Amino acid sequence: MFGDYAALIVLLPVLAFVLTLFLGKKLYSGGALLPIAAIAGSFIISFGTFLEIYPDKTIQQSLSWFAGMNIGILIDPLAVVMLMMVSFVSLLIHIYAVGYMAHDPAKPRYFAETSLFTAAMLGVILSDNILQFFIAWELVGLCSYLLIGFWYHKPSAAAAAKKAFLVTRVGDVLFLAGIVLLYFNMSEVVSSRAFSLEPGSFILQFKSMFAAIPHIPPGQLTLITLLFFGGAVGKSGQFPLHGWLPDAMEGPTTVSALIHAATMVTAGVYLVARTFPMFVAAPNSLLVVAYIGGFTALFAATMGLVMNDIKRVLAYSTVSQLGYMMLGLGAAGMAIGAGAVGISMFHLISHAFFKALMFLCAGSVIHAVGTNDIREMGGLFGKMKITAITMIIAALALAGIGIPLVNFGIPFSIGTSGFFSKDAIIEGAFAYGEQTGDLIPYVFAILAALLTSIYIFRLWFMTFTGTPRSERHAHESPNVMTRPLIILAVFALFFGYTQSGFYGYVDKNFELMGVEMAVHEGEAVPPSIIIVFMPVIVGVLGFLISYYIYYQRKLDVSKFITSENPVYKLLINRYYEPKLASDIIGVKLTHNVVAQSGEFVDRKIIDGLIIDNIIGRTAFKLGEVMRRLQTGVVQNYAAVIILGIGLLVILLMLGGV
Amino acid sequence: MSLYTYLLIAAIMFTVGAYGIITQRSGIKILMCIELMLNSANLNLVAFSSFNNNSTGQVFALFSIAIAAAEAAIGFAILVALFRVRDTINLDNINILRW
Amino acid sequence: MAGFISLMILIPLIGAIITFLTRTREQARAVAFLTSGISLVISLVLFMRFDSSSSQVQFQELYPWISSLGINLKFGLDGIGMPLVLLSTIVIPLTIIFAWGETKQANQFYGLILLELVGVLGVFTSLDFFVFYIFWEIVLIPMYFLISIWGGPRKDYAAIKFFIYTHVASLVMLLAIFSLFFNAWQLTGTPSFDMFTLLKNYQVIDSPLLKDAIFLALLFGFIVKMPAVPFHTWLPDAHVEAPTAGSVILAALLLKMGGYGLFRVILPLLPYSGSPGYLVTLMAIIGVVSILYGTFLALAQRDLKKMVAYSSISHMGYVTLGAAALIPLSVSGAMYQQFSHGLITCVLFMSCGVIQHGAGTRIIGDLGGIAKHMPKLAFLMLAGFLASLGLPGMSGFIAEFLILINSYFTLPTFVILALFGIVFTAGYHLWAMQRAVFGTYNEKLGHIHDIATYEMVSMAILVLLVIYFGLNPNPVLNMMTTNAKQLVEFVSLKGVIT
Amino acid sequence: MNYALLAPEILLTILALVVILLGLLVSDRSKNVLGYLSAAGLIASLVYIIGTKGEGSLFYNAIVVDPLSQIFKLIFIIVSLLAVIASISYFKDNRNQDEYYALLLLATVGMMVVASANDLIALFVGFELASMSTYVLAGFEKKNPASLEAGLKYFIIGSLSSALMLFGMSLVYGITGSTNIPAIVEYFRINPTAAITTLNVIALIFLVAGFAFKMALVPFHMWAPDTYEGSPTVVSALLAAGSKKMGFVAAFRVLVLALVAIRIDVQMAFAILAVITMTYGNIVAISQRSIKRMLAYSSIAQAGYISLAFVVTTQLSISGGILLALGHALMKGGAFIAVAVVGYMVLSDNKNARNTDDLENFAGLGKRAPITAFSLFIFFLALAGIPPSAGFIGKFVLFYSVTVEAVRQASTWLLLVVIIAILNSALSIYYYARVIRYMYVLPPTGEKIKEPAPYVIAIVLAVIGTIGIGLYPEPFIRWAMDAARVLGVS
């Protein structure tokens, strides 16, 4: 029953977008209730659908669109868990925003845009074909542009919005190139009759794509998947297209929460997961995914260490965690095949909960103290108990704190959601290392876990403990803001216990679509105890380091934080990425060199020299000269006539007489 | 005298007339040069007529003589009118229309 | 439906004459809007009745004219012409609404706009080369006046440059028409300017050199109009100086005549030309160079309108590329790009017009933060800019997507180059938005007014149309595809493409 | 002999004499009547020519009436009619109107004789009749030094050309023993060797020079700008639109027939003449500020286009040339008369104004004299070859014929000639558009005027002709084709 109305999952928020945009001004709280109701509807339908299709059904609906393309809905395990997570988290964020945005005059626009943002993300999730996926994907990018630039009168916000759109656009173009290449190969396959489309299915549908995998040349497949991954790199802020994500903090904090937890950045991971059978068939691509993911996880964590803007720390944390998810897909994919999707998606969802929680907590703090700079905070624990407690829960989840009791024969482990999800990825990376001897991804993952733990507790200690470093009178946020925090905290704490059920459900995903994936042969060797404990050990170690430095203040770090320290300079300047992207590539190279020289050629050479001067002026000059031949003296005219006769003689002689 | 003698004389008259038009400044002289050229053509016509045993040329010559007379009359009339307005018939100075 | 096409052309012509004779601007704009509205209704009726599964010419009309040269007034519509007729009849009434507030010599202004409608409708419906050429030329005159009477400071230069440049191109095209006519006459023994007859008889020309010469002359005539690099320099000047309505018509309709020529004339000739392989490559190069060159030049502009002008060059490059690829869907994508760009570019130029009018300048650097005082404009303008940069869900995306995925079959390298331009396309659009519309308000601008209601109405309708055709391209795309298939089938039979 | 064929000429000759006689009888103030009378006579002739289209020959085959002669007579009468109608206003207060109209009618008769001439004598007589009448007309404003100067220059160069032409004719007579054109052609056909002698070439050159003077081809054009500028504007109209065509019809009759017979390869020579003429005309026209002078140069350019007909000498090219001549008569005649209106307008602002045709005086003409301005706009577009207009049709057929020859002969340089012609055509837009801009874009410098009715009638007639031929060229194309067929070209 719910499944029949699956289209409403997207259409309700779209409707809310339209209504809120045009009518919001006249409604309560800028029309916030419309999107909330719509997204609640989406969540209910998603959940209902989940109950309907669990454990082994899928929903497919498809309509012909244009030129052999279609629009359709595919709800399989992978999609439905995402749908539930996105609609749920988004719902909470919307509710929270009623409080957070209470004083902003442009509320209708805000709620309309976030509603569209959610709709676009839901559209990405339930697409049954790559074109629709791309379209929704682009709309996600559009909404991020609109929301990051929500306070468009701030130059930095306008710049950040543009950067976000352009940098992800680089990825999008790669993605589009992948689609072009895919379409080409699919058409070749179909026209060579090696493979025929099922009746009623379309060329860019996922099921057709997966069915055609064996017929596509491996080289092409690698290229296609790499291009797809290029899109994911842009959207999910992987190195080297990560720069937009920290800048995106210019938007309202709730927007950041949406982007980082529910709606935008996970789309990249979802893309790789969605097309995972193709990646599995192209192991070289998986390797690239693993390396980029692992490197990003570490790379972003290093920058998270030194940032002072509370949201920026969280932003780098997101980049880093997305790196984990990519690492999970890549490394675990090579090690255990299809199971990697479950591992990675599980982390995605648990990350969504605790990262949303973190951002909302940060929002609560910012709302209270009116600054983003953690150096100006401190000692807020007493004033904002709910925020502080939920935040420490989120931090524990992020750091992956827990006790892997299961290895001691006890049927369950104790731990936060992050503990379950992140450890699985790290173990996956280790499994890959063990099989191939390539331990580099694993090393990346472990080091990143250590740094993660350090920076998140640094953040917590600096914010909530110690003496207040500013004179603002902070107070706890209203209920409409704290309730979502509590709900999210519950999920951050306990979501991890669904692990085995989740794996079992999501792992079946591609089987349900009839895709046979080359699963790696051989029994997975149970990892040694030290490997199992390693993530927890580094997590706790990180906590202790932070505790030592930022709580007990035994070590004065200020002497490292100087502009003379090259490492610090490198980190605080974010590896000079903004300078490189905006100044050098954007302004200097593209605008000043290429575009301006084009302008020069156009105006001065093509137009100025050839059209104006050579053709235009010459005619004028010639006219001025030639009119002087007309002296006005009639004898000269006669002379010219006589000369003309001479000319005629010459011409006729030349003519051959 | 052979035909070529007449033709040669006509050609010389023609050339002298043409040279005169180019070099002379007085309007009267130029009119005379034009007459010279027309008459060279008449001479041709009459000569050809005689040598071709065919009277058409002489008829043509008569027409042209009559026309030349009218032409001279018009020419002088214009020159007189011009002299009244400009006090000169030196054609070098008659160049308000140019360029 | 006989007679509807001539009626559709005749009514605006009569309307133009009446408009010239009206005394007040209220009368003038009412007459202009009414007559163009009637044309719109007629074209909608034709559009509804159009059988999009047939590639044949429909609603054909034939009236004898100059029989000693075989010239007839032959009109008709097929999948190539119908969408552009629809576009023309949509754009002109909306332009009139947009220019509702025109005060300077209003009767002439609206009359000239109607004459433009007459001209472009004639071009898109004539099936006789002579008549086609006549309408092709007639279009220039009202535009010349629109630029030179209502234009900016360098209007004289721009207007005359526009006129002469495109006129030269038309004359070169005329030479090719001569050759085609002569050839067909010799062959059939009866003179005829019937377009299809002339095109059909092209194949029997003996000399490959002559064939190529004719082909290139026609191509030149069309790509100057489009315009394609390097024959584009008249366009930025014309746009910068033209009044908003003039720019809108210029970009939305006049440029489309060039693209129309590609589909109507160039593609049917291509397989029989002397060296089709080289010519296809030439067209592809022109297309891609226009795309990239237009993009980078747009990036360099300081004047918002000039930037939009260069973006037109870039977008029209897709049309050439899609046509050159000779895949049914790339060709129909190129046709769709024409249609879609016609709608989108209106929004862009109207935005520039509103800004110029409200803020008194279009220089991006002198603006800044105008969204504060012009929120409605900012909204519509953003929609237009997003459509222009190819955002999915809007019509431009459908077209460019079709062109890119299908052209890859035959022109892979060029498609990759074109993809390269997409990022920068987004770049100049957003950069301009950031500097001109967003950010802190530039107080030097003083207090500026937001968009007028009539301007907003016409822009909003256009935005809605852009979205509608982005979500549901089928009504227009299907008829295009039918004809594109026929064209390509025709080309592929000759073995130009495999 | 069927004198009815010559009824228009006879009528106009008698009318000319009647006008002079009446001039003695009527008072100075009512001499305007003579204008109406002349107009009536011209209209009668026009109707007669269009209505009968007779064919035949007279005076021992010295005069023929055929489609070629009739279409050119049509041109001459139309131009004279326009000039007469406009003159009713232009010379309203002139005491010598009787002489003026008589001369104008005689000039018309002279041109018509040329159109019909089938004998060198008749041709020469007609030529001289037309020339001498127009010498006087050009210098008709006898208090105005410019007018006199124009007349004088025209006279001297005209006489020189007459002498050249006569000399050439005498040589042709000497070679062939006849002055009858068909007989001459026949002679060459029988004795092909006689055709290619130096004497013959010289004869040809002198004839060409004589005709080229009337056609105003470069380098025989130099009188034209001065004369058109200095003459009374209505006379300029007559000269540029009418008497110039006399050169063309003579050239068609004599040259084309002779060329067909002689088969001298003069294609290249004429092509170079044509190209130089059109380019020179257009380029110099750009830098003019006197509109009459600009129109003069534009006439030169148009003569260049028309003379493309000689380059290929096919039926199509000749008929294209005829069509363009017809169109040009209307457009240029109308344009000069429109300039006359501007002169009237300027003089009514300021009695002592000079250079009434200066570009500045055209500012805001669209507001001050809307009918004139709009008509001038139409004439300019037509002159630039923008469809649908007589100018376009003429150029269309003409350029087409040359392109066809280029294709047929696979001749690159012929193609180059067309391309140059086309570029010239585009270039000409520049100076026309400049005037159009003055008329419509710039603000007016004075009050709106009431345009005198005769001017308006003349201009509107020309506009109707220009557009009418453009919209319905069919009968004219057929006529021109028939005319070209007379010359025996294929």
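Think of it as A, B, C and D in the order they're written, each chain with its own count starting at 1.
Criterion: contacts are C-beta pairs under 8 Å (C-beta built on N, C-alpha and C of every residue); 3 or more make two chains touch, one makes a residue touch a chain.
Note that the structure is predicted; figures quoted are calculated from it, not measured.
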| item | value |
| --- | --- |
| Label of the chain whose CA centroid is most distant from the centroid of subunit C | B |
| Chain pair, A-B or A-D, that carries the greater number of C-beta contacts | A-D |
| Chain centre separation (subunit A, subunit B; CA means) in Å | 97 |
| Rounded Å distance between subunit B and subunit C, as computed from the means of their C-alpha atoms | 64 |
| Whole-Å gap separating subunit A and subunit D, where each centre is the average of the chain's CA atoms | 78 |
| Euclidean distance of C-alpha centroids - subunit A vs subunit C, Å | 37 |
| Residue numbers of subunit A (touch at least two other chains) | 627, 630, 632, 634, 638 |
| Touching two or more other chains - residue numbers and ranges from subunit C | none |
| Shared interface positions of subunit B, touching two or more other chains | 18, 21, 30, 91, 94-98 |
| Interface residues, subunit A side, partner subunit D - complex | 619-620, 622-624, 626-627, 630, 632, 634, 636-638, 640-641, 643-645, 647-649, 651-652, 654-657 |
| For the subunit C and subunit A complex, residues of the former touching the latter | 161, 165, 230, 233, 237, 293, 296-297, 299-301, 329, 332-333, 369, 371-372, 386, 391-393, 397-398, 401-402, 404-405, 408-409, 412, 415-416, 419-420, 422-424, 426-427, 430-431, 433-434, 437-441, 472-474, 477, 481 |
| Touching residues (chain side subunit B, partner subunit A) in the complex | 18, 21-25, 30, 91-92, 94-99 |
| Touching residues (chain side subunit C, partner subunit D) in the complex | 65-69, 133-134, 137-138, 140-141, 144-145, 148-149, 155-156, 159-160, 163-164, 167-168, 171-172, 174-175, 178-179, 181-183, 207, 210 |
| Footprint of subunit B on subunit A - complex, ascending | 627-628, 630-635, 638-639, 642 |
